[in-house]
Amino acid sequence: MSLLDIQNLDVTLALPNGPLKAVRDVTLTLEPGESLGIVGESGSGKSMTALALMRLLPRSATCEAEALRFDGQELRDLGDPAFARQIAGPRIGMIFQEPMTSLNPVYTIGRQMTEATVARGLLSEAEARRKAIDLLDRVGIPDPEGRMNQFPHQMSGGQRQRVMIAMTLMLDPELLIADEPTTALDVTVQAQILDLLDDLRRERGMGLILISHDLAVVAERTDRVAVMYLGEMVEQGTAQEVLYHPQHDYTKALLAAIPRLDGPARVPAQEAAAPEVEKVISATNLCREFHSRKGLFGPKKTVRALDDVSLELRRGETLAVIGESGSGKSTLARILLGLDLPDAGDVRMLGRPVLDLPGAERASLVQPVFQDPYTSLNPRRRLSEIISRPLVLRGEGDSASRLAAVKDAMEKVRLPGRLIHAYPSQLSGGQRQRVAIARALITEPEALICDEPTSALDVSVQAQILELLDDLRAKMGLTCLIITHDMAVVHEIADRVAVMYQGRVVEEGSASAVLDHPSNDYTARLLAAAPRFGATRDLEVVQ
Amino acid sequence: MQQFRWRHLGAASALALATAISPAFAGPSDDTLRAAMSEEILNLDYNYTTKREYIILAQLTDATLFNIDPETQEVLPSIATSYEFFDETTLDVTLRDDVKFHDGSKLTPADVAYTYNWIKDERSESNAAGVVRRWLDTAEVTGENTLRFHLASVYPLVIRDMAARIMIRKDGTYDAGGEVDRDAMAQDLIATGPYKVASFEPGTELVLERNEDYFGEKPAIGTIVVRNIPDIGTQQAEMMSGGLDWMFKVPLDLAQSLGATPLATHLSGNDLRVGFLVLDSHGYTDPEGPLTNVKVRQAINHALNKPEMAEYLIGGSSEAIHTACHPAQFGCDTSVTDYPYDPEKARALLAEAGYEDGFTLPLWAYRDKAAAEAIAADLTAVGIDVDLRYVKLQSLNQARAAREIPAYFGTWGSGGTADTAAIARIHFDMESDRNMSGDQALADEILSAEQTVDQEERKEIYSSALGKIADEALWAPLFTYSANYLVSPELDFPLDPDGLPRLQNSSWK
Amino acid sequence: MSTTDITLTAVEDSETTPLTPGQIFRQRLFGHTGFLIGASIILAIVVVAIFAPLIAPHDPYVQSLSTRMLPPVWSEGGSWEHLLGTDQNGRDYLSRLIYGTRVSITIGIGAATVGLMIGVTLGVMAGYFGGWIDHAISFLLTAQLALPGLLLAMALVFIIGPSIWVVIGIVGVLHWTYYLVVTRAATQRIRNLDFVAAAKASGASSRQIIWHEILPNLASSIIVIFTFELGIAILAESSLSFLGVGIQPPIPSWGLMIAEGKQAMFYRPWLVVLPGICLFLLVIGANLMGDGLRDITSPEGRNE
Amino acid sequence: MLRYIALRAALALAVAFTVSLAAFLLLNVAGDPAQAIAGEDATPDVIEAIRDRYGLDRPLPVRYFDWLGGVLQGDFGTSYYWHKPVAELVADRADETITLALSALSVTIIIALPLGALAALNPNSWIDRFALGVAVSAQAVPNFWLGLIMIILFGVMMPIFPVSGDSTWKHFVLPAFVLGASSVPAVMRLTRTGLIEVMGADYIRTARSKGFRGWPLLRRHAMRNALLPVISVLAVQLGQKFGGSVITESIFAINGLGRLALESILGMDIPTVQMLIFVFAIVFVAMNLLADILNAALDPRIRIG
């Protein structure tokens, strides 16, 4: 008898402008101890399915199903209090995407871990505390005893996710649902959490549902994979079947869109980087420190964001800067753009120090493209105003010439003309990022500095944007500096790469050299965490 | 939890709603008269205060050398039995021998001499200093219960001042041991009057008890409690719920309405206070201004419907006046020119003066808002566009001192003295900023009326001076005030013609 | 990189483009009952204020002392001549109430605008530049809250003289703190967003950024505060007039009318109750509008 | 911690001195103190007597620095009316204002917190509409008008409560209600939005996934987070209420700091006004500091950082 048996599940959301069927006729089964991956882009209804099972849907949502059986018991017969007492927690556990906000900020870890078991009278206070410490140790939290009376904000994202897992295991559930558990974490931490989940599943013979938007990551770690698109279950099968001979066109397109290390290599722009090639931007011995106060009354704390960083961006090349959160790559980008001043060292654009460049002139040399499409465009302005703003600031041309320039830029970034008077709130994430690029190009800058331009986008949309950047670079001879945390993206588009770790450049060189035989072990760990489709799951780290 | 501790403290007090209490009944049952005053009572020593409330309290706590009969204006004996002018500038006074202070000590001529000499002394800074310095040289004890006053100049109102202004204190009260303490009697007053201070909480409540060994006729009521209640609305509520027996300075409408109910009786006695407009005839604010033209001033007088204002806005015994003094004051000659209410004549006069389409007149006022608005409306009706500036008293006085005011609605109570000198001098003396006519001859004439003791001569001087004021229309006299009181039905409170409330004469019905 | 034949962009270009923010705003505006009630009350009062001379049965300034303090028509002694009776100077009470709308509305709008000018400028300056400017402005904020409004009002009325403009100025100067606090926080949030960094990168000066990028995004929250301040300013004027340092007679102001009626409130309660109800209606209208606007402009909206 | 408090204390003093200087200038401009003290029927010589008794004829800077010198030695001068040290005057009247402030605050809490919580827990229900109705109408009622109506209703028609004075606790019921009611809307709205926000937070979803529902969920997880913003607003409002409400205290004849402020301003009692402003500034800043400390006590993110 299957652990979980969902037949024809429908979830409809009552939105202001009419009802929306988020989940359409989904059928799903899971055997005890089996792990199932559910993959889909945002809006595909993958999370809704899990929330429907756990009765955590928002107030305005309604859900019907022919069958919702768990371990043979029909869940729909249970009233809400009965479901809360018997199922939610002891039988089915769930962990969520945002570790930063999933723990109650005002209570200690210890209290949040033990309260469920003690409230249900399963364990006494002391027993619960001992169990919590064991579980924390099992999930890899150093000094679990000390952590018990710490608060969530004193731990990193990865540690908090581990605490979430330990907390759910306190009630020994038979099924664990993980809703995009690692999306918000760094690549290296991501791998560790997924491995931990897999080990715990085998150890406890627990069912596991792993929901993610990243097909590659899921396929490597689950027995079966289901692909969802616009609320429907378009494909279901073993990981091997789905990865190597997908049936549904959407799955094929999805697979093609994922950047991967073993994909076709990039044709380098020009092999021989002649020494006298012009340096568009050169930065030497940059240092930058930030001072922050720990708490209202705590002592001052200084963080060294950049520690003696030197870097050059040569005309026509695409330089990738890779590093995890806290490596200082964004601070570097802001300094190169002239938005922030370094404590030490200097930045030169085409040989001239950035300090003496007036704003308007600097704008024609370098332009930014930012990560989050939702905050990079002024919500109160129309597209035409946004894209033409740099020209207005430079006082160049009149309204007619500017309109023409806007239309031209929109074509370059493949945006439909009719959107010229639209507002950002009417565009999708991908379209907004294209507007940001159009804005950057309108002044024909020498170089573009893109701070993680695609990491906030869905995989399919990311592929289009990377392809667009590559075309523009080829057609306009554009020089690009792209900041990313994904080695596969580096492989696909970069000529040269610089690896940053804790404010220092630990490795620099041509993309092919660094990717094939990394000299620094941090780079190696980054490479290992990036997905490779060719190999099977038991891939060793190339040393 | 810790931070909610102070919440429980407050909750207890707010939650107990149920118990109904019966209001503490004043009145005959406990022989206590509860009076309300909106002004805060802060200092019991009338030598160092001026406000009307303090005059009323001084009637209860203090006795003076003489008393003036409010009906006949005749001098009556009080602490002093008799007086005699040895010559024009020497006055001999004989005292009673049985007057005791509230602390039981016997009053001696030395106390009286000390009090007068102290007030005259530079160091006193007493509010009564101005009055005493005008006529006193020195006071000396001449016998076991007689003393002699050496006067610096001839002054007709010496006895009147002694009766109304100077309160007798024990010898050495203010400068015992050489160290000056002007507030010696502010809180625990020791005086000779019919009531003595039982307890005093400044700004809240004053309790007076009958002085059993008072030399004069003992008052009927045993205890008087004076409560400070600033808000007239709240005073009404207390009166209606029986918490009060006596209210004064009551607005007319309120007095009439509450008086009509069985809860209180409305009494209205006359008051020496008069209301008037002072016009800048000299042209301090604008040398060629309209007010310098007598016709304009006369037009203003004609424009004002004084009888209606007196009857409807002030009510009680208030009546329209045309003299720069209160008709009940000695020397106030009511035969001077009058400008009866005649808007047509007012417009004609304005036209003659060349102001057919009128002019703007900033008019300042600090009390009786209804009357001020009525004046403004009457003037507007004849074409004078009034910019009414209704401000606090001190702001008006400051602006007047800075000569910024062309016309203001003023009132004067003459401190209860029924003599034209008490109003004429201050308003027409050359140094006073209330004098907007700047007429030196008029000032000298008025001053001369205070330098002779011959009442007939004083009368003639005042008639000619007041005649000139009326002819020149330096003022626009308006009306006399009426004092409105609200008393509890059980209280019998006699009213005197000089408008001064004498609580000591009240009794239960 | 091989591009598959299925162009995924098809998902992107769906024909039905969603509504513009303006359309959404209007749609939710007319759907919000609270806002509609409030707006209709305010509209009615503004109409009364504008057409006061036509509506009012008598000239509010004409006095007749002989017919003063008449009760309203429904209680004995009242006459149809003066529907709501007459005041202390015999002026028609209903006309004064009607003309009172003019005072309250002008003061409400005027003071709220003055407050807006001061509060928003300081708020944006403090939020955008931070540093010592922020400290100086928060010092000013604390000092303003500590200074009793009554004192300022009394002094200004005396120095400049009592006109409606002075009262508007006083009430405005006393009520800019709410604007400051909200705009400062919003500016600090917007200042760190990427589109401001992009504008800076394209050479925009601070002034241009504030004017072009930040202020438009503050517009909705400023409108919400303005409607609330409208109510607060009207109450403030009535309190000042109640204490005698606000509107000067003979101009009819509801606060002043309550103060004048206070003395005879036990026998002629309508002198206090009627202006109170007018004040209450006007301010509740402004508050309902403010609440409605806030629900509509706040991202999650009220019904989610 | 101490550094932070020292900074706040310095701010309080700086504000107190600036505002007292402003008040000194405003008062002297708005009228002549000697005239105010002398009263209506004072003859010029009486006014002169008062003027030199209090040294009011000296130039403004001299008078201010003379006062300032006194303050530095802790002597705030004597009141022109009460003839006793101002510090003593303020101290006597402080207890009435504190009692009024605390009971007004408890009225606000008793009405606003439950109403706000109920409105948040069942949005768009009749309770929610009712709560909004109360907030909107309470905000629209002029303070002084409510006071008068209370006097008419409870003072005279149904004499349950005394109408004026401040001797027994019963005297504080009506004024506390009037003063408390005026701050109900702000606190209720804050509680409501605070609780709605918290109920939508991720950690509440986590708690629900562990089987917590209804009251235990509210008590164990939502309550403390939702109360954080409310606590600081209440502390600031208490600060304002300690300043005494000018109107409520004069209508109900409560001998508090509010009424003292009104009378000393109208009566030009300059030393009292300056002392009051000093007290208001310091109390106000102290209440803000208390709000910060309470927040730190309740929220580890602020305390430990």
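Chains here go by letter, A, B, C and D, matching the order in which they are written, and residues are numbered from 1 within each.
The working rule: a contact is a pair of C-beta atoms (placed from the backbone, for glycine too) under 8 Å apart; a residue touches a chain by one contact, two chains touch by 3 or more.
The UniProt protein names, listed by chain, are A = ABC transporter ATP-binding protein; B = ABC transporter substrate-binding protein; C, D = ABC transporter permease.
Remember, it's a predicted structure, so these values are computed and weren't measured experimentally.
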Shared touch partners for chain B + chain D come out as C
Which chain has its C-alpha centre farthest away from the C-alpha centre of chain A?
-> B
The chain pair joined by the most C-beta contacts is B-D
CA centroid of chain A to CA centroid of chain C, Å = 45
Between chain A and chain B, centroid-to-centroid distance (C-alpha), Å = 86
Computed distance of Cα centres, chain D from chain A, in Å = 50
Which positions in chain C touch two or more other chains at once?
-> 154, 158, 262, 265-266, 303
What positions in chain D touch 2 or more of the other chains?
-> 30-31, 148, 151, 156, 266, 298
Touch relationships between chains, expressed as pairs = A-C, A-D, B-C, B-D, C-D
For chain C, which residues are in contact with chain B within the complex?
-> 61-63, 65-66, 68-69, 88-90, 154, 157-158, 161-162, 244, 248-250, 260, 262-268
Inside the complex, what are the residues of chain B that reach chain D?
-> 2-3, 6-7, 9-11, 13-14, 16-17, 19-21, 23, 40, 42-43, 50-52, 125-127, 129-130, 133, 182-183, 186, 202-204, 227-231, 233-234, 237-238, 240-241, 367, 392-395, 397-398, 401, 411-415, 426, 431-433
The answer for chain D against chain A in the complex is residues 1, 3-4, 201-203, 205-213, 216, 220-221, 224-225, 292, 295-296, 298-305
Contact residues on chain A for chain C in the complex?
-> 16-17, 60, 249-250, 252-253, 256-257, 263-264, 334, 337-339, 358-363, 366-368, 370-372, 375-381, 386, 389-390, 393-394, 414, 416, 418-419, 422-423, 425-426, 428, 430-431, 436, 439, 443, 460-461, 463-464, 467, 492
Please name which positions on chain C make contact with chain D in the complex.
-> 34, 139, 142-143, 145-148, 150-152, 154-155, 158-159, 231, 235, 238-239, 242-243, 255, 258, 262, 265-266, 269, 272-273, 276, 279-281, 283-284, 286-288, 291, 302-303
